[in-house]
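First the structure, which I've put down as structure tokens, then a few questions once you've had a look.
Each chain carries a letter (A, B, C and D) given by its place in the written order, and its residues are counted from 1.
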Amino acid sequence: MNTFGELFRVTTFGESHGPAMGAVIDGCPAGVPLTTEVVQTALNRRRPGQSAITTARAEADQVELLSGVFEGKSLGTPIAAIVRNQDARSQDYAALATQDRPGHADRVWRERFRHRDPRGGGRTSGRETLSRVIGGAIAEALLHREVPALRVVAWVSQVGPLIAPEPPAGLSRVQVDAHPSRCPDDAVAAQIEASILEAKAAGDSLGGAITVRIEGPPVGLGEPVFGKVKARLADAFTGVGAVCGVAFGPADLEQRLTLPGTQFHRPRADGTPADVYGGVQGGLTNGEAVQVRVLFKPPATLSDHAKAGRHDPCILPRAVPVLEAMTAMVFADLWLSTLARPHRP
Amino acid sequence: MNTFGELFRVTTFGESHGPAMGAVIDGCPAGVPLTTEVVQTALNRRRPGQSAITTARAEADQVELLSGVFEGKSLGTPIAAIVRNQDARSQDYAALATQDRPGHADRVWRERFRHRDPRGGGRTSGRETLSRVIGGAIAEALLHREVPALRVVAWVSQVGPLIAPEPPAGLSRVQVDAHPSRCPDDAVAAQIEASILEAKAAGDSLGGAITVRIEGPPVGLGEPVFGKVKARLADAFTGVGAVCGVAFGPADLEQRLTLPGTQFHRPRADGTPADVYGGVQGGLTNGEAVQVRVLFKPPATLSDHAKAGRHDPCILPRAVPVLEAMTAMVFADLWLSTLARPHRP
Amino acid sequence: MNTFGELFRVTTFGESHGPAMGAVIDGCPAGVPLTTEVVQTALNRRRPGQSAITTARAEADQVELLSGVFEGKSLGTPIAAIVRNQDARSQDYAALATQDRPGHADRVWRERFRHRDPRGGGRTSGRETLSRVIGGAIAEALLHREVPALRVVAWVSQVGPLIAPEPPAGLSRVQVDAHPSRCPDDAVAAQIEASILEAKAAGDSLGGAITVRIEGPPVGLGEPVFGKVKARLADAFTGVGAVCGVAFGPADLEQRLTLPGTQFHRPRADGTPADVYGGVQGGLTNGEAVQVRVLFKPPATLSDHAKAGRHDPCILPRAVPVLEAMTAMVFADLWLSTLARPHRP
Amino acid sequence: MNTFGELFRVTTFGESHGPAMGAVIDGCPAGVPLTTEVVQTALNRRRPGQSAITTARAEADQVELLSGVFEGKSLGTPIAAIVRNQDARSQDYAALATQDRPGHADRVWRERFRHRDPRGGGRTSGRETLSRVIGGAIAEALLHREVPALRVVAWVSQVGPLIAPEPPAGLSRVQVDAHPSRCPDDAVAAQIEASILEAKAAGDSLGGAITVRIEGPPVGLGEPVFGKVKARLADAFTGVGAVCGVAFGPADLEQRLTLPGTQFHRPRADGTPADVYGGVQGGLTNGEAVQVRVLFKPPATLSDHAKAGRHDPCILPRAVPVLEAMTAMVFADLWLSTLARPHRP
């Protein structure tokens, strides 16, 4: 179905060639500071055409709030938000209808939905993630009020073979957004940007990894069996189109897994637990930063080189705010779930 | 919460030191061939004490079906199954209550649940996965009737630094179970078994990876946005205690991600699509085998070496049927969801 | 929350004084014939100002489909529909903010949501039922394709002390809509309409009952324990603002309940089962027509007589399509649920 | 499905002729005082054979808690409880398999579930309500800790044509249980008991009504659109086998609905709002007592008079604790839902 979350629920809708994309956010309590600008600012970070390394397609992506907000605060009722599609060109469909695009799910969709729509309803498009950014912006507003110490930040940590060193604690979105590649390391960012421009010119594409970090989480969020924090985030991230893997913990997790347990779990020099848990133990946040590495396939490229300028050669920079949004939605839901469990001694 | 699935729902219960573990399976339609033996056979594959390389703890793990089955078939009503705990020794608790075990979630649980129970209700125990194997056995019985071509098999593909080559299509559980390590490669299996015995003797532990493969899935299972097949499996697997990552597709996915898209997506020599999608495109099964690599941390070892014989130095061999069970539960749910969507041209 | 249904899910949003009302329908399979006109026709039956006996408030209630429909058929993706509010006058709020309206939930809402919005976000308004009519129109389109024999019809069976005789099987919406009161009995309809005009002139209001009938249901819809057909409909109907009771079965159910079981359950002269079950046995449809009597309170009247012309003195005529919509949503969901349970001998 | 509730979830299982009945309660937070005795005491109030006016069937109905409780308190993990069936006689089935019982759902079940089990899996039996009483007992323990002012009481207010006057506020379960009929009015109780004995002797049965009252609810429980308090209770009560209607508000609601709104809503002499709302306004509790009248059909009687002694001629006395249990489950869920919505000005 098209709803994400249990208590903080985001329902998304919209086809990339239809009239509008949107989301309905249910479960946001009353009194959370919220305006159109808050949501628009979040959407602007995802919008195409932000720099030379993204698609040249023009979409203003202006959001309109239809319900749930009054005089700058949430009402406690469902918040509906829509973005009109400006650049939907139905004349393209006849051509597309005649062939399946390599690397795309066109055939699979047709077998599943049995319909004539050549693009599977347009829900396969990365444009669908716009709805998630809306949900994430509202989740962040809620978290900001309820758990002000919690901070979510994501960055591009790998593109093709180029890998950035792990940034220190306290990394901010401003630091990430300072680079078109959203890689916060100056040297690697420059290499990545050159690499993406080269791929763009060649009609090629690049994959890689984004790392997501949640600093300052309360202790004990999550559920012990189903609904572990790991499981909630893994579900959230692998639900984004091109994602093909997740790994919790340090960047060199694969290497560390080759170590025996006595070394893997060895406490740090200062006596605190090892830094291998990615902030999650027994399914619950342990109070340390949660960190996840998210793997992305390179996008399937279009066979038609004439359209080469209209696709993203590397979706990772624009996927950063999408993963941040998914994270905020997960933590908003976890937070409300925790309130619904008044455990007492 | 403690329920997994939407239409095929498995609710698990039980603490490792309490009277019993169990599960209630709701949503299994009537007429599925089911007996106590079917479930017991599945549980026997997970049971401790199967070989020298697992824990020496003795648990018969005899299952009793309390409802939902009549004369060898499911009734269409909830199926409740329980397994009594034989080896629960409450006298151990006083000692445990006084200290948090390193690498365990004891402190986190105490902060979350605020209770006196020293082991967080015993739900952190790996023994909880017994309930999942019950659910998986029933899911497999349903799938066997509904989608007989679908086959789920998992194997140990890595322990510590030892990595097995990828087995050919058609690998069977009999071939996997032929080795105590559940690694189907004779040579690597022997190394792994020696390595685990060594760790056991040293009071140490080992992590690694299990690969799960689903052969013969129908085309088009899954949901396009939330509820992608990837997301459902990632949720299922990262919900198992020691799992710290998943990667969909070929075993060398990390290496392939460094390639540009034109190479990554390049069709195979015979013209069929590239083998990089792990059987999932646009969130849906594409009809090819689904394959996932699941990463496991080494278990946190007990500080008390006197108990060294009573823990699993490497949980991977016993986790194989647990991941198979989670997979079966996911696919049973996906199958019923598909039936509930009568798409027509 | 604001979602109705499990597999056919309708999420509603919108405040009566906000920019728009709307709904997102998720779970409608692909290929169902659907157009803007289908939904608009349903909304027109609920629209204010249809006759002298309803409110004089003017609302065009023009619907726009934003997603999920393409070339006259559903896509299998979420269907979002909105209706702009034309007659929202924010200048009224300052006045309303200063006093709680008798018979209204103003105080209760303020204590729950703690916000400044004087009308609890405007979700208490009967205008919210517009979203349900949208959901119902789409549910009916699905049912029409899947279960063409099923027909839902409701009528006003009581207003104040005036009670209409039970209409024969086969009653159509055309017959019901022939009277502004939506009471299909010519004589009683005339009395009811006079009675409503009298109440309107006096600034008074009237309650009564609507009877809902579902002819031609398949045998065996519903769930045996929770989710009985009775329970699903009772939930659906008592979720409409002024409803204060439901009774399944014949119009004279209360009288029949005073009879002993041997008389109550006595089969009809032709040997068929008694007509007392309201079409539901053991929680499931038994194939006969399902019939429910739904009780409505008179609306709470405004203390300000100057506004007397702008409220509905009797909401029952306009509530008829709302209850039909709720019924269609329930049966669409029951139908999909049944498909998801492939029971076999 | 077989789960009731969103945050306080009760999953029931068991066939009346199978090994055991039971329930799993998920969502009960840690630290709620709970023992086997608490649950057993609740079950004893429902148990058959309590007096001459109920069935002569003997069932000890001894409950066993399998999980979720430790040293007299809930653990915050799922609570599983089972009751073994002692009086299941499989030899009766051959006879029953050959004929459908009049007034029973045998035929409907067979068409739905397509199985050989002559009693539809035994889930149609009133014995299934045992599981609900378990869930209710735990819900009450939670409510007692969280909302100590809230009190749930139900009583038999009508049997056949005999109607009891409305008891004053503060009615206790002790007062209700003082009469085998669970009618708290001495005179009417005596008539009812004579009437039931007469029906029992004649192999006949009786229906009627139970009134449920919730005193001391917090203001603002419930949801404004779907999930109104009315809807939650209507769903809960009509989900009990023989229930065929509900009416919220005063006992004479049907008569009051014939009044115009100015009279219906007229405030009481002391200026407080009219007593017509049944404690619910705008879908939310308004702080006054919630009151609901629940209508019951007479049970379908067995054609075999030899078994007359083994059925309940009037199930209402034993249904009183079942409706109380459903009420407690609804309010426990509403309470946890409210905690999950931290509305702020």
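What to note about this one:
To be clear about the criterion, contacts are C-beta pairs under 8 Å (C-beta built on N, C-alpha and C of every residue); 3 or more make two chains touch, one makes a residue touch a chain.
Given the structure is predicted, the values throughout are model-derived calculations rather than measurements.
Following the contact convention of this document, C, D is the list of chains adjacent to both chain A and chain B. The chain with its CA mean position farthest from that of chain C is B.
We define each chain's centre as the mean of its Cα atoms; on that basis chain B and chain D are separated by 39 Å. Remark: chain C and chain D have CA centroids separated by 27 Å (rounded to whole angstrom). With centres defined as mean CA coordinates, chain D is found 46 Å away from chain A. Chain A has residues 1-3, 12, 27, 30-31, 76-77, 112-116, 121, 123, 224, 343-345 in contact with two or more other chains.
Residues 1-3, 9, 11-15, 18-22, 24, 26-27, 30-31, 64-68, 70-71, 73, 75-80, 82, 112-117, 121-123 of chain D are the ones touching chain B in the complex.
Chain C makes touch with chain B in their complex at residues 7, 27, 29-31, 76-77, 145-146, 224, 336-337, 339-345. The touching residues of chain B, when paired with chain A in their complex, are 1-4, 12, 102-105, 107-109, 111-116, 120-121, 123-124, 128, 158, 160-161, 199, 202-209, 219-220, 223-228, 230-239, 241, 243-249, 253-254, 257-262, 264-265, 267, 273-274, 276, 278, 281-287, 295-301, 343-345.
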